[in-house]
Amino acid sequence: MEELNFGATAWMLTSASLVLLMTPGLALFYGGMTRSKSVLNMMMMSFGAMGVIGVIYVLWGWSMSYGADVGGIFGNPFDQFGLVGTIYDENGEFLIDSFGVPGIVGVAFQVTFAIITTALISGAIADRTKFSSWMVFVAIWVTLAYFPMAHMVWGGGLLSGDGPFASIAAPIDFAGGTVVHINAGVAGLVLALIIGKRKGFGTDPMRPHNLPLVMLGAALLWFGWFGFNAGSAFTADGTAGLAWVNTTSATAAAMLGWLLTERIKYGKGTSLGAASGVVAGLVAITPAAGALNPVTSIALGAIAGVLCALAVGLKHRFGYDDSLDVVGVHLVGGLVGTVLIGVFATDTGLIFGGGLNQLVVQVIIALVAIVFSGVITAVIGLAIKATMGWRVPEEDEVRGIDLSEHAETAYEEINS
Amino acid sequence: MEELNFGATAWMLTSASLVLLMTPGLALFYGGMTRSKSVLNMMMMSFGAMGVIGVIYVLWGWSMSYGADVGGIFGNPFDQFGLVGTIYDENGEFLIDSFGVPGIVGVAFQVTFAIITTALISGAIADRTKFSSWMVFVAIWVTLAYFPMAHMVWGGGLLSGDGPFASIAAPIDFAGGTVVHINAGVAGLVLALIIGKRKGFGTDPMRPHNLPLVMLGAALLWFGWFGFNAGSAFTADGTAGLAWVNTTSATAAAMLGWLLTERIKYGKGTSLGAASGVVAGLVAITPAAGALNPVTSIALGAIAGVLCALAVGLKHRFGYDDSLDVVGVHLVGGLVGTVLIGVFATDTGLIFGGGLNQLVVQVIIALVAIVFSGVITAVIGLAIKATMGWRVPEEDEVRGIDLSEHAETAYEEINS
Amino acid sequence: MEELNFGATAWMLTSASLVLLMTPGLALFYGGMTRSKSVLNMMMMSFGAMGVIGVIYVLWGWSMSYGADVGGIFGNPFDQFGLVGTIYDENGEFLIDSFGVPGIVGVAFQVTFAIITTALISGAIADRTKFSSWMVFVAIWVTLAYFPMAHMVWGGGLLSGDGPFASIAAPIDFAGGTVVHINAGVAGLVLALIIGKRKGFGTDPMRPHNLPLVMLGAALLWFGWFGFNAGSAFTADGTAGLAWVNTTSATAAAMLGWLLTERIKYGKGTSLGAASGVVAGLVAITPAAGALNPVTSIALGAIAGVLCALAVGLKHRFGYDDSLDVVGVHLVGGLVGTVLIGVFATDTGLIFGGGLNQLVVQVIIALVAIVFSGVITAVIGLAIKATMGWRVPEEDEVRGIDLSEHAETAYEEINS
Amino acid sequence: MKLITAVIQPHKLDEVKSALEAAGVRGMTVSEASGYGRQKGHTEVYRGAEYTVDLVPKVRVEVLVEDGDATTLAGVVVSAAQSGKIGDGKVWVSPVEDVIRVRTGASGPDAL
Amino acid sequence: MKLITAVIQPHKLDEVKSALEAAGVRGMTVSEASGYGRQKGHTEVYRGAEYTVDLVPKVRVEVLVEDGDATTLAGVVVSAAQSGKIGDGKVWVSPVEDVIRVRTGASGPDAL
Amino acid sequence: MKLITAVIQPHKLDEVKSALEAAGVRGMTVSEASGYGRQKGHTEVYRGAEYTVDLVPKVRVEVLVEDGDATTLAGVVVSAAQSGKIGDGKVWVSPVEDVIRVRTGASGPDAL
């Protein structure tokens, strides 16, 4: 039995709270980017994920992530169903983990990751998706795609340091490049393809209706991300501090990278570009936050900022309607971060003479994540398409999905 | 003399900060729900409460809550007036409480509760109340209603474990079901009755002018509530973690409960419903956060979500203008949480074979709180009505209270 | 080698995160105050500072602030360039400071101060400044003005307890009255003079376009300021708690002071006044947060609220366009706080019989800060004027700087 | 045909709408406006700068009507919008040469 | 000269603009409006209060044209704005006595 | 009576208002509009999608005047709104058959 470490517990409680705030932050970030007739629906996709996963996680989510291993793929959902056996030991004392943090605080921290990951996907399918179908998707996807991936990477499964690839090098995913960003990014791409384009995609402007809201959202995401990354040290120590500083320097560099790319391409740096660069940097440093130093973090951030700024143009080239660039930011940013660990990792990276092993194993886990997430999401997505259907009637899409799905409009129109 | 527990202190400083943020969160939540011509006044009622109580609390608020007991009802305001004797011991060292937390940090935490509780009331009397009367009310109410109630429940008074009812069972109010929510809810109802309806109540729509603001407010409330509930463990331990998880699972369930109720009644779940469900869940779990497990928290949250969704219709049935549903959400949610502890409490609840004692004592403290708050508020409310008066001229109400009370309008009208 | 103090580290990680949030908070506070055609540019000035300084700080910022002393004025930028030697000791273990907090966590905390200080200046030159010139200014000013001032006051330089004036009395600047507020306030004044007035200043109304945004910004500033002030105790102890309570009581009193001043002058207290009073109080208590008690903090806050409310009128009297009152709030508030420490400090203040020494030394450090910041800023400002130029074409200023500098408008205009 | 344009107090919109409906009108177009007139504006205060806003919020209602109905319906609007206070607004009638219903292309009185 | 005023569905604005441009029109003025008519509004729900919004968002387009072009151009607007569904809107033509281009002070057809 | 409608640059509103006031006009109605014309719009950039906004913000001013004043006052508006740059806007005059002051019900010139 470990002794309670009050300081570590304080930081993990704080971190859990910070990460929970990220999802409303995302709701604002995404909501500001939609047209004013669909901002509420966009925000509701995030809030809905909070509702569904907030309940599911304590029932079977924790158990499927960290319960008794089944084939290296997922945890047994019945092992700690309803958190029985997670909270107290046989004497009714709180269980304490190896960092001196109560197990229940670990649950607090992890539920927030499951929520934000799933909510991220919604950006790809904005403005056109039936709310009921989304809510069903959330419940199934988090169960079949997220919990297993969390188990594989963090719960001692296939992609962890205990898995088969660890013989090449121990895979590094500090705070969720594969589990969170590649996973959500691929899911977004698959759903965007299955659900199809918004009416008017490629011809109508569909400009963001409220950019200060987008910037506020990006700010809350950055703030919350300190819990995400520095909290992933699982205690309040030097590693947490390093992750904090890396998160900031990478994010700052990514913002500059995105703005510079815009300036070169269009002559101006935009506020949407700054907000997007912030998120791209946060995404890219996520898996790497504990493995780099602040200077290599700047390099990683800058690369991610530039590449993501270029990647958001791909949807127009290839014609898929990834409405708010889940692919361009989360999939691309997640890949950049996950793979470049092999180059920049302070101990094992290529440029520090660590050879190719780390790079190879990073590529492998990224590929496994892509395939796993792609296949599972496709199955779920197609099943929902065949049964409930995904889309609101075109007429409702034009009139505004806020009205048709939620019987509301975001803003008062005529003063009275 | 206790030794300083740095971890506990870190968490309590964080919690105090989080709870302080709740009041601006409330200002946004309420402000978004008003019409655009009264959003500033609505927000100012919260900010005003921060100003008045931020000053009063260090003068006599702490002393009346936790100072030397006077008849089990309140603390002697002169005992620690101006926090003399609260901060340092006779050697000039910081006093440390039994959790290893400096007493002054306890003051930090408690002042935020006094502020948010009083600010909650403002929702019941939106759009029509003279700002000066509100400011006077705040000063008197927090002194005569809040501090005594805090003393009775948490300061060793009548409703505490040291009080007369404890012989039935120790009353449970973990983070403020009686002190905060029933107290504010009853006060809101009484003031709504004394002050009367807005012009146009029941006929004009009076729809929320900015729903993304409401959702942002609800999100900040949720975030801040982690300080409220998990901070009420007074240290960073397993109980805090449990309160955190219970807060999340109850809130998630309440959101789903409210959305489902709407879907059944109206065919759609609304974003205002989601935001309201969040708050209803947070309210209901407040007294119970340390006494339930995550699964019973789901049950409690779901019940609160459904009941509050139904309760917000009562004002239309009975014709009182509780403008932003302080009664429907805080009074009803507070009652649900306070009373159902008797059913769900892990140790003493009915369904765990704990018998009726806990339930009985919970009902008693709820009733005492209702009567106490109702009487005190009525006296203060009627006194203000007879002296300063409560309402702005009808003409100002129509033109917009922002203009008449604050010489401002919230948004720039014609671009120039 | 110190031992790691987990609790202190938890609080410093939290504080760093809180202070980082202040800059987006400032972006909203300032952004809401501009006209709708320049809100994005205003916000981008804060975000841009995050980008530039987030990178610079880890390269040479920390080293210039806390590296090997050069003449008592600044630290050697190459001493710990890129944080080499800051993070790990010779055994590769994290360096731990005398509070038990890893050095890298100190970096996290300090970078946020550099960012917010520089961002503060932007309010003085709103709506008319070329974004590229601003970005260059940020890089130079933080290097030549901020890092040296931080070194002088906190890094063991001229204005610190080790400096020459300490023979009179140890100068007190708990969290940055000189380094942050006087520094930024003077810089704002100098730039406003160099850059000149907005077209229409003094004749057009230029009213705030979104006051709820301003209030949200003020709230986030208040929230973040707990990290700023209570974090400046560098650990989670009684001093941190005292700073927290002082911050709240001074801020509350300042809000009331500002509102009262408005009520006397105009008959109404405004929401912009409340938000401004909040910031004025936070500014004034910054240097004093650890040196006063909660009651003297009320006095300090009230004085600051009244004086700043009067000071924001000066620009109209003297005709300089300090657009968002960086001088009236930060320079005046910073001076009030810095100087009145000599009156109110619990140990050495005039009213506690401490004599004049503290007051004298406080005046001296304030004057040094004014001169230092004034001269450096003038040199940088004039150099940029002579080279890149500061202003956008008048036509772009009229059409809106968001469009000309960022190719965006903040809000969707015609629904489509 | 005629176009009746009414600039009224915003809080009178519902009454005007109901009155027109009751008088058999089946359509109208509404928009936001600001008025300047005998009704004084108000003073706003922003950080020590006090200034006068002389534009007050109004609502504009436009109704296309048949020639013969113009006077009656203008009267209906006036009665419904009247509170007797300065700032109640103006109603004016102007000639219209043709009206077309977009959906059908029908023009003339049938288009109303 | 004539003024063509069109109240149309917001999502038809781009098509109307293009059609007018194609027909040689070089300027127009656009504003937001809300319409009331045969097109039913919708029901909104706010915390248990269900109520009907009978104003639906529209866009108003105004085009000043020479006398002889009025009928043709009104037709152009109608075709471009037509979807065949209730609520497509109205187009009307009214007389204008004089038009002045502010920049030059020129009036009459030259001002268009 | 006549209705003068002016579509002008937003930043000219104050000058137009003052000029009209000076010319004895005691009321007017103002609203927001967007203009399309010779004045080019601008390019906006959102995440790599660059597109042209050809509607530029304008303000619409409407003034009801007596028949004899129409030409003079239209001229007053034009002078006040003129900057000489493309996009200054249009002013047009149209006939009005009747004006009623809502407050009193008075119609004709008395209603102005």
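Labels for the chains are A, B, C, D, E and F, by order of writing; each one numbers its residues from 1.
One rule holds for everything that comes next: a residue touches a chain if its C-beta (ideal position, glycine included) is under 8 Å from a C-beta of that chain, and two chains touch if they have at least 3 such contacts.
Since the model is a prediction, treat every value here as computed from it, not as a measurement.
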Shared chain contacts [chain C and chain E, defined touch]: A, B, D, F
Interface sides of chain D and chain F: same vs different residues, half threshold: different
B-D or C-D - the one linked by more C-beta pairs in contact: C-D
Chain D and chain E: spacing of chain centres that average the CA atoms, whole Å: 17
Geometric centre distance via CA averages, chain B-chain A, whole Å: 33
Contacts with two or more other chains, residues of chain A listed in rising order: 5-8, 10-11, 14, 204-205, 207-208, 210, 216, 266, 268, 270, 272, 407-408, 414-416
Chain F residues counted as touching two or more neighbouring chains: 11, 14, 30-32, 34, 44-46, 50, 55, 57, 94-95
Touch list for chain F against partner chain C, complex: 11, 14, 34, 42-46, 50, 55, 57
Interfacial residue positions of chain C with respect to chain A in the complex: 4-11, 13-14, 16-17, 20-21, 24-25, 27-28, 31, 39-40, 43-44, 47-48, 50-55, 57-59, 82-83, 87, 93-96, 102-105, 107-108, 111, 131, 210, 213, 216, 402, 405-408, 410-412, 415-416
Touch list for chain D against partner chain F, complex: 2, 6-8, 31-38, 54-55, 58, 60, 70-71, 74, 77-78, 81-95
Chain B partner contacts - residues on chain E that touch it in the complex: 44-51, 53
Interface residues, chain F side, partner chain D - complex: 1, 3, 17, 26-32, 64, 94-103, 105, 111
